Each structure stands twice: as C-alpha cells, then as structure tokens.
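Order as written gives the chain letters A, B, C and D; numbering starts at 1 within each chain.
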Amino acid sequence: MSITYLEAIREAQAKLLRDDERVFIYGQDVGGTFGGAFKATKGLAKEFPGRVLNAPISEDAIVGTAIGAAMQGMRPIVEMQFADFSSIALNQILNQAGTHYWRTNMPIPITVRLPSGGTKGSGPFHSQSMESIYAHYPGLIVMTPATVEDAYTMLIEAVAIDDPVIYCEHKYLYYHLKADQLPEKGLPTGRARIAREGRDLTIVSYSAMMQESLAAAEELERDGFEIEVVDLRTVKPLDTDTVLASVARTGRLLCVGESFPWGGATAEVIARVTSQGFHLLDAAPQRLNAKDTPIPYHPNLWSTHRPNAKNVAAKARQLLRE
Amino acid sequence: MSITYLEAIREAQAKLLRDDERVFIYGQDVGGTFGGAFKATKGLAKEFPGRVLNAPISEDAIVGTAIGAAMQGMRPIVEMQFADFSSIALNQILNQAGTHYWRTNMPIPITVRLPSGGTKGSGPFHSQSMESIYAHYPGLIVMTPATVEDAYTMLIEAVAIDDPVIYCEHKYLYYHLKADQLPEKGLPTGRARIAREGRDLTIVSYSAMMQESLAAAEELERDGFEIEVVDLRTVKPLDTDTVLASVARTGRLLCVGESFPWGGATAEVIARVTSQGFHLLDAAPQRLNAKDTPIPYHPNLWSTHRPNAKNVAAKARQLLRE
Amino acid sequence: MLQTAQRTAKSKTKKAASAPSHKTGADKAAPPHDRFLEAFRWMLLTRTLEEKLVSLYRGGLITGGVYIGKGQEAVSVACGLFLQKGDIFAPLIRDQAGRSAFGEPLLDVTRTYLGSRLGPMRGRDGNIHRGHPRNNELAMVSHLGAMISVTVGTLMAKRLKGDKNFVGLACIGEGGMQTGSFHEGMNLAAVEQVPLVVVATNNHYAYSTPNDREFACRDLVDRAIGYGFEGYSLDGTDLGACLDVIGSAVKRVRAGRPPQLVVASVLRLSGHGEHDDASYVPEEVKRQPFARDCLKVAEQTIVDLNLVDAETLGKWRKDAIAQVEEAIAAAQQEPAPEGDKEDWCALSNRGLADQPESPE
Amino acid sequence: MLQTAQRTAKSKTKKAASAPSHKTGADKAAPPHDRFLEAFRWMLLTRTLEEKLVSLYRGGLITGGVYIGKGQEAVSVACGLFLQKGDIFAPLIRDQAGRSAFGEPLLDVTRTYLGSRLGPMRGRDGNIHRGHPRNNELAMVSHLGAMISVTVGTLMAKRLKGDKNFVGLACIGEGGMQTGSFHEGMNLAAVEQVPLVVVATNNHYAYSTPNDREFACRDLVDRAIGYGFEGYSLDGTDLGACLDVIGSAVKRVRAGRPPQLVVASVLRLSGHGEHDDASYVPEEVKRQPFARDCLKVAEQTIVDLNLVDAETLGKWRKDAIAQVEEAIAAAQQEPAPEGDKEDWCALSNRGLADQPESPE
C-alpha cells in the first residue's frame, strides 16, 4: 500500500467523521460527488450524509458558522479552497475564534484547513503561505505538517484540540509525498522533530521546505557535512527547546521558510535562538525565505521565488565556511 | 504655539488637500461636521467640499474604491476608524493594492491611515497594532511615526509616494505628544532616526513604544548608563544599516514593540542584526512585546499587557549585566 | 422597475405591523399585547440602568466608553422576550433591554462596565462586549456583521445534534447591514434554512453618518427578498407593534418558516456613545415621528388605557432604581483584576501555549 | 410577503429583455440588433481561441489552468461592445468575448497563457488574471467580488477629475454575488451613484456547487432593489437580447440613471476549468432552455434570417482561425521570463524596497 499526503488528509477526515459525531466539514465544493478542489473530501459526502456540506463563496460566513457550531459543541472542519482566500475569513479567525476563549472562557474547537504554498503555474492568488499571519495573533494553534504521517495524525489532533487550529497543508506535497502506511499516533502537538541528525549545522524548516532542506542536506553529505534538519511541525507553539538543543549540537543555524521574508517563522526562530541561546552559536544565524514580491505564475520565476534545495545548500555551505 | 500628534495629522491632510487636487479622504465619519472618530479630519469637509467623504461601514469596499481611484490618478487617503477594523479590508490591501504594481506595472498610490495601538479601556478590538501583518506581505510601505514632526511629514510623504502606504498612527500619542511647530521636511522615508545617543546598549523601537523606551533610557541614565534609542519610523522598509551602526557602537540590542510577540517587527530586527551583524553583539539580543493574548480592557491588565518604561528598563538592566 | 410593486407589498406589512389601535379610556382595557407590561418593566429597568451608567461615566468612574440603547428599548426588549431556553440570542450594543429580558443579570452589566474581576469578562473585555455563550447569549465582537454567521452556526449545530424547537435571533444596525460579513451571514442563513430572526434597527445614524451616506435603496426591508428572507417593517417607537411583529417573526421561524428580517425605524436618542454629543443630528430629524421616545409612548399607552395606576408605576420605577443601585454597589465592591495575578494564556490548552521567551 | 408582487415586476422586465421576436424567412431581414453580426464575430473569434487554448492545455503546453467562457460569449460580448474610450471594464474569468470586443489584442491572451515575457503580465501572473489598467481594462484578482468596489473607485475618480460621459461595467458570477466584497461594492456604487452596470451571469454553478447551495432567493435580480439598483433579467443564450438589455443598461447609466444590475441566465458549457470534467452536472440540467449554446443560437438566427450567406460565415470562421494561429505562433516564439534576470521588486519606488538580507 502506498498513500499520499493528500490521501492522508482525506483518511484523517474519514476517520474523524466515523469516530466523532461532532465532526462535520464545511467549505466550497467539499460535498456532492465532487469532494473538493483537490479531492481531499472525495466520497465523504456520500459516506456521511448531511455532514459534508457545500457552502457558498462566503469565507467570512463559513468560518463564522463553524465558530457558532463549535460553541454548541460541534467540531467543524473548514476547508478553504486555497489558503489565499482565507484573507476573507481572517477577521473571523483572528478576532472571533482567536479571542473567544480569553474573553469568555469558552474555547472554540474549529479546524481550518488551508491548502497552502506554491505549485507550478499557480500565481499570486493560489500559492500563498499564510502561517505567519495566523501565528502572529494570539489564540490560535498553527500546524504545518511536512510528512504524510504528520498530515494524518496532526489533522486528527487538530480536531481533538479544544482551541482553534489553523492547519496549513501544502499543495506541493499532496501528490509528491508518499508513505507506506499511516501511523496510529504521532509526536505530541507542539513538539518539533529531528528529521535528520547531524552535527555541523542545523536547518530549521517546516512544510514543503522540509523537502528542499532534506535534499540540500543530502547534497552536502556528499561533501562530508552532516546536516541536522529540524521539522517544526507546528509553527505555533514553536518548539524552541528542540531547536536550541540542536543548535547546541551544531553551533550553526539556517532557517528556511516559503513565506515572505519580513517577520515570518524564520525571523521568529532566529529571534528565539539568539535571545535564548546566543552562546550556542558559532556563526551568524541565517535564513532563506521566498522573495518579497507576489508569487509568480511562470515556472521559471516561481522556482526562483521560493527557496530550493540548491540555494539552501549554497546558503548552508556559506554558513559552514564561517 | 503647540501642536499635538493628532493635530499634525489633521494639518498634514489639510495641506495635502490644499496643495494637491488629486487628494481626497474616504472613510467612516470623516466628513460632515463630525470630522472622524478622533477628529483627525475635523473641519476638512467644510473647507474642501466634495473631497472628504463619509463611507458606509464597508472597509473592503472603501479600500477597493480608493484603489480604483488611485488607478485613475487620484491620491486617496483612507481613514480606518480603528486599525482593528482593517482586518475587513485586508484582502484589498494585501492582494489588490500590494500586488498591483508587480502584476501590471501600474502602482497604486493609496494611503491607509490606521489609528493603532492600545489606550486605557479600549479592549481587544480597538487597540491592535497591525504593522506586522502588513509588513509581512510584499508591495506595501508601513510607516509608524513616533513623533509629532514625523506624524506630519511622513503623512505628506505617504501621499507623495507612488506605492501603497500603510500609515500606522498611534492613538495613545494623539494627545500625549506635543511639538512647538511643524517642520517643512523630515528624514527620507525608510531612514531610521537616532532618537537618543548612547554607547552601552541600543534600544530599537517605533511608534508609542518610543515613549516607553526613551523613559527607560532616562531612568537608566540615572544609574550611569548611556542608552542609544533608535526610532525605526518605517518598519518596512526597515533601516537595517542604521540599526547595525548603532549596535556596532553599543554591542547590545533590545527591541521593543507593542504588537504580539510571534514574528513581528522585533523578531525581524533581531533576525537582521544577528544574521548581518552577529559579531557586533556582545550579548544575546533581547526583545519585549505585548503579551500573547488579546488586548485587555481593564487598565490594570492593559498596563501589564503592553511593554512599559519599567519593564523596558528592567530588561535593559538585565542585558547590561551580561 | 420593481419599485412600485415593492412599495405596495411593504405597506401591507407595515399595516400588519402597527397592531390594534388603542383607544384612550378611563376603564381598564386590554393591553395592546399580552406581554406589554412585562416588556415595559424591562424597558424601564434598562433606561434606569443606562442613565445611571451614563452618570458614572460622566463622573469618571467608568473607563472606556458607555453605549446605550435610548430610544431602542421597545425593539430590543421584544428581541429578548420571546426567546426560550435553548434559543440563541446575539445582541449588539443597544440591546440592554433585550439582554435583560433574555435573562442577563444586571450584575453582569455593572461588573463588566466597572471592570470587576468577577464579571463574565473578568476585566478582559468591557462595556457592551459581553456575553454568556454557555447561556446562549453570544458575546459580540466589535466587527459589525460578524455575529450573524456565528448565530447561523449555533443553529446548524443544534439541528445536527437533533435539537428541536429552537430559534436564534440576531440584532444589527442599519450601518452594520452594509458590511460584507452581514451579507454573507444572511445568505448563508437562507441557504441553510436555519430558524433565524434578524432584527435590524434603523436608528437613522451609524455614528455620525446619516442614512443617505449608508445606503441608497428606498427601504432596507427590500433586502429580505434578495436573501430569501421574509421581511417586515416596524415602527420601533411603538412597543405593542414591536411585540407583535418580532413576536410573530419568532413564532414563524419556530414553526419552520424561512428566516425573517424585521426592519425597525427609530431615532438613536443619545450620542453614538456617551463621549459623543450627537450635535450632527439636525433638529428637524428630532421632530420626525420615528424620533418619539418609545418609553414615553409606552407609558402614555399605559396611562391612556389605564393598564396600571400611577402608584404601581411609581413602585416599578422605585424598584428599578433599587435593582440598579444594588447591582452597581455590588460590582463596585468587587476586586479589580490585577496584571500580575492574571493568567496570560489565550488557549484553553495551557500545555499548547507558545513560549516566545524562556521562562524566567 | 413580497414575493407575488416581485414576481410580477420581474416578468415585466423579462418581457422587455427578450427583444423583437425573429421570424424565419428566406429574404434578408434586419438583424435583431444593429450590432448583431459584429458581436457574433467576436463570439466566433472567442470560441475559436478558447478551443485552441484548451487543446494547447491538453497537450501540456500551458501551465496552470485554462478557464473558458463557453456558453457565455453572448453575455460577455455585450459587456465589452458598448463601452467607449474612457469607459472602465472589469471582466472576470469567462469574459474573453467581452475583452476582445473591448479592445484587448489576442496577443495579450496568448502571451499570458503561454507565459511570454512580453505579455502584459510578463509571466508574473497567468491565464485569466490579466488586464491593461492603463487602457481601463482592469486586471482581476482572484478573490471574487473584489473588483466591484475597484470599479466604483475608478468612476468616482473620473467624476472628481471632471470627466464626462463615462461608464463602468463589471462582471460577476452568481457565486461571486454571495461574497461580502460584492455586497459592499454594490452598496457603495449606489450610495455614490456612479454610472456602473453590473452584469451577473448565473451559469448555474460555482465550480461544482449548484444554485441551491449558493443562494435561496427566488431570483437574483431581486437583489437590485435592495441596493437601489435597477434590475433586469436576461436570457443569456439569446445574443439579440444580450445586446438589447446590456446595451440599454449602459445607455441608461450614461444618461444618469442609477446603477444597473443585469442578471443573465445560461449554463456553463465547460468544466470550471479545463482540469474539471464537470461530471457533477446532471443530464437533465443540460436539457434546460438556459443550456442552449448561445453561439449556435446566434448562428441559427443568422441562417434563419439570412443575414449573411454560408460563404461569408465560412470566411469569418477561417479568419478567426488565422488570427488565433497567428497570435499563438507569435507568443510561442517569444522569450520566457527568467528568474535571474527578473526585477524582484514589488514597489515602483525601487529606493524604498526593503532589503531583508544584506546585498551580496
């Protein structure tokens, strides 16, 4: 058996619908015979009648509705058609879901799935990685799974958690990643994972950039470098301890993210490591992000816009020389 | 003569309307005899008939309208009633204004004024500092004036600039800050300002946190420390060179911001300084932000939620000991 | 053009709305609605409370702002009065009367305004941003329009859970009707056919902005048909009409009719908040029929119909004052929250809280 | 209830919309609209172009997606045809016919789809996300509804600048009508009384979602009155009707009438995009009158009325093919953008570009 990242997301939802009657799925085109723009809910409307519902093009109201349902004890999963369209739902996410527990003592257990990140030819409005915006605001948990296994167990976890979870699934990984089987349980939420051990340099990354980071690490291995790669798994909460422990071993830090450069996850990781583990560092920490422009449509431009194994490796090499 | 930060904003708009017929102001309650929730446009509707217009409660459409007008050569100024409500306009700002020049080669010269930041008793939805969200996305300039003079000259600059500008004016400074007169010209956009010279430690801040930082610096002066305080003025573009030059002098860095802790301006400054000026630092860089919860209503809670002179000083002292 | 046809339809609803006409007489007559007096007492309590809050605010005892519902108590009380256990209520800033009628204790109000640590918001949120979501009184966010879809969601959840006989009622101002969030919420309510009543109060201003800069349709009730709601107009200064029209709307959704939109016309008889002197409201507007004070109108009806005697009215008034005084005194004695004792965690799952700084 | 009244009004507008009835005859008769043939040629060109784009996509020569307007050409062409120099056009994804009629060169299309560096989007944006804002053809963002207020803004600017005689026309799908952004834009257009025509095409699906999960009103044209627009229904399969109704709406706003909403009914005769086989559309829907192919209907009218002879029709067809081939061949020879030669700056003010990393 072989299962993709996308299938894992579908399987997790099937399991959730099966095991927990509080779960329902709401979003554009998720229902009917269609099963979502990416088929992440394929077949579920038929298998679970009345629980996988097509919504109008109304992201604000879709999330508002999920929030209201959560108040009444349900566990809604919202699918945004693309992460980019969650800009329309942002107010409900930040100001309604994110503040409710603190204001009223009643948590809002919704899960918002954001098909995120760039793929070839998707352009400025179907490629965004919005984790940094959601992580900046209080009251939300932001997951960014990088493996098939995590895609599965983290989505199940997301729905189990009483607080709102922004689940950033990466569209590039949908078909590219495969696993032999799905695990019963993953690491606890909020714990980073050492994806590869090494002692010369730590690369911290998450989501699709893990692929590029691991590929870079392999390339560098041929040159005799042992690169440790840390997968954050959730960018909020951010597992500073695991990152610090890794930097303590390697003395060098490179952070790689696909979102825009100003103030994202990579800045946050560097700020934490330098303020809490300054003396662990043997060289200046570095980062690599997408470029500070909209995400281009043309594959030639897109592949330059996002970090890739080649420039991750180049940056790492530079850092290893210092 | 004595002029407040708020009056400077009004004066700048009066001058802009007077000098440039392309300028008009659009927003809720800005017109009529009322002149805005904070009176930043008081009297302007009468002085400039047909150019200071009340809009319905439709932030998305208000900004969309401004964008369209900008395409036709106008220089609209949008007033959000509170920065917090710009969450509704976020899509137009990020995805329409922020992408347009890159996509089509036609820039969008709009200025969006965001009355930002906390004041006593304002609570979770009338206190937010959203500069980090806007600075994260490409295509926008994000101004955060901290003085009466800058409030004036930077607003005039904002309208002159061909690209979209998010102008974050701080409500706490509206009445608290006074100047004797308004300058003709300020520093160039994108240039940080050394607000106070020192050689023991650099505090980097902006907007209302400049007040707290300067007060902390004064307190520390009594203990014999010379604290340099850098006012970023714009958080994007961020004047890394001025910050680095200051850290080169002092060897110590503390960043202070009022927005939420994860991934904001303070993280960005630390990431830049450590990746570009690691060897300038004699101690771990530190930062101070608001707490990672919604902004509380009660003054007792609010004053604990945001950084203040006392804990800036305490953090600085700690850093000076290292 | 659709306008003529629409106008006819509207005046039809208006007629339905204006309730039995009340003849003045010395003998006790039947009240215009069987819950008229009960509703009146909530209005009286609300007016008393809000006047007191205003004076506390003027005296510097309330931080932030005070937002009152003066002139809107008749509409508001009708919003709360017909809801039962299990029903959902989403009030906004001028709905003190409805909140009280729905069951919100006065102490919730005074605790929130005075920042007591024991209040439902524990000093974290203030003034009208309060609620008891566990009691189905939703805690509004400021962003107007955003509560409509949340209310829809509570109703969808109840249906999914198999609950029966529930309804939801959400309030909005005419200003809030122009938000995209309102539109999406209304449309979704109709698509999902949830038992929702939306009561829109056109008090002719959104802060300082008069109707002509808010919308350009002839009558906001004309939006009902475009959403697939049933629409009704209402003279919000007439308590009997408010009880009839809103009461019937609640009854209709409970019986399975489509969502209902009621548009009430009144004048905001205060500033937007108490910091606002509303000097932008022209005298001429204040002389319009919709500018009548619903409380005075209702009291006049009581007197005219001799529904209760002056002594009873006086007793009710005193009773309201006593309740308000008590709620204020109690809240004033309560502890304020303190920053260093506060739990600074925005998640219910403490273990998942992010730690941006190392614990010191 | 307003429904009966509304229905009557609607059928009135419908009647106005369906234009002079065309009798079949062997003699040359007057076309149903004086720009019928011109419009038909744009439709033909569009269909030819889009079929070619589809085949390039199937052949793997286009990255991303292809979105076509099959079945909507009659509505779309009418949107572009009546606009003049200085007018604003805000097309959406199914508006190739309107774009061409408005003046967009075919080369813009093929360059954008094929990612030429010389196209208006220079490879930065693709497929239907193109425009020429300097020529008043707005470049849509994906977020549906967002272009309405932008169009309103262009019109407000023109008025402020003292321009005269201009109009704007913005397109939307029935799905996009449910967005908050659309609502805010419509309301603002009416408040500002700008000369705007909004043409909504109800093609019965938003991606895979049928009307009954999109809205619950009887007819979307009923929304016009709630915004203060004048509303018209339209059979979008009938080119003559499209030209009449949309042409008149443009004329009316140009003459100072309130904003106009036209709601056209058609079926999307393709997948949402070419990646989508639209297997969710039931056969029964495809047999509805609104499922007719407007291009075939228009051609039949030409034949029936003997407006031009078969030879001319054939020549037009060939000519369309030649234009399309030429535009594709030209774009295919053009250079693609290259990452390392690209100017990675999102600001026109290069000096104000943020430098997150030190220059290397």
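The rule we apply is simple: contacts are C-beta pairs under 8 Å (C-beta built on N, C-alpha and C of every residue); 3 or more make two chains touch, one makes a residue touch a chain.
Note that the structure is a prediction, hence the values are computed from the model and not measured.
The greatest centre-to-centre gap from subunit A, using C-alpha centroids, is found for C. Once the centre of each chain is set as its mean CA position, subunit B and subunit D turn out to be 41 Å apart. Inter-chain spacing, taken between the CA centroids of subunit B and subunit C, is 36 Å. Subunit B has its Cα centroid 30 Å from the Cα centroid of subunit A. For subunit C, residues touching at least two other chains, in rising order: 121, 124-125, 129, 141-143, 145, 178-181, 184, 187, 191, 213-215, 345-346, 353-354, 356-357.
Subunit B has residues 55-56, 58, 60-61, 84, 87-88, 91, 95, 98-99, 102-103, 124-125, 138-139, 236, 238, 262, 268, 275-276, 291-294 in contact with two or more other chains. In terms of inter-chain touching, the protein chains here all touch one another pairwise. Here subunit B touches subunit C in the complex through residues 28-29, 31-34, 37, 53-58, 60-61, 81, 84-85, 87-88, 120-126, 261-262, 289, 291-294, 296-301, 303-305, going by the rule given at the top.
Subunit B meets subunit A in the complex at residues 84, 87-88, 90-91, 94-95, 98-99, 102-103, 124-125, 132-133, 135-139, 236, 238, 259-260, 262-268, 270-271, 274-279, 281, 283-287, 291-294.
The part of subunit D that touches subunit A in the complex is made up of residues 63-65, 115, 121, 123-127, 129, 141-145, 175-176, 178-181, 206-210, 213-215, 279-280, 336-340, 342, 344-346, 353-354, 356-357.
By the touch rule above, subunit D contacts subunit C in their complex via residues 1-6, 8-10, 13, 145, 178-184, 187, 190-191, 193, 212-218, 220, 222-228, 230-231, 258. If you check the complex, the residues on subunit B that touch subunit D are 24, 50-51, 55-56, 58-74, 76, 91-92, 95-96, 98-107, 138-139, 141, 161-163, 189-190, 236-238, 240, 268, 272, 275-276.
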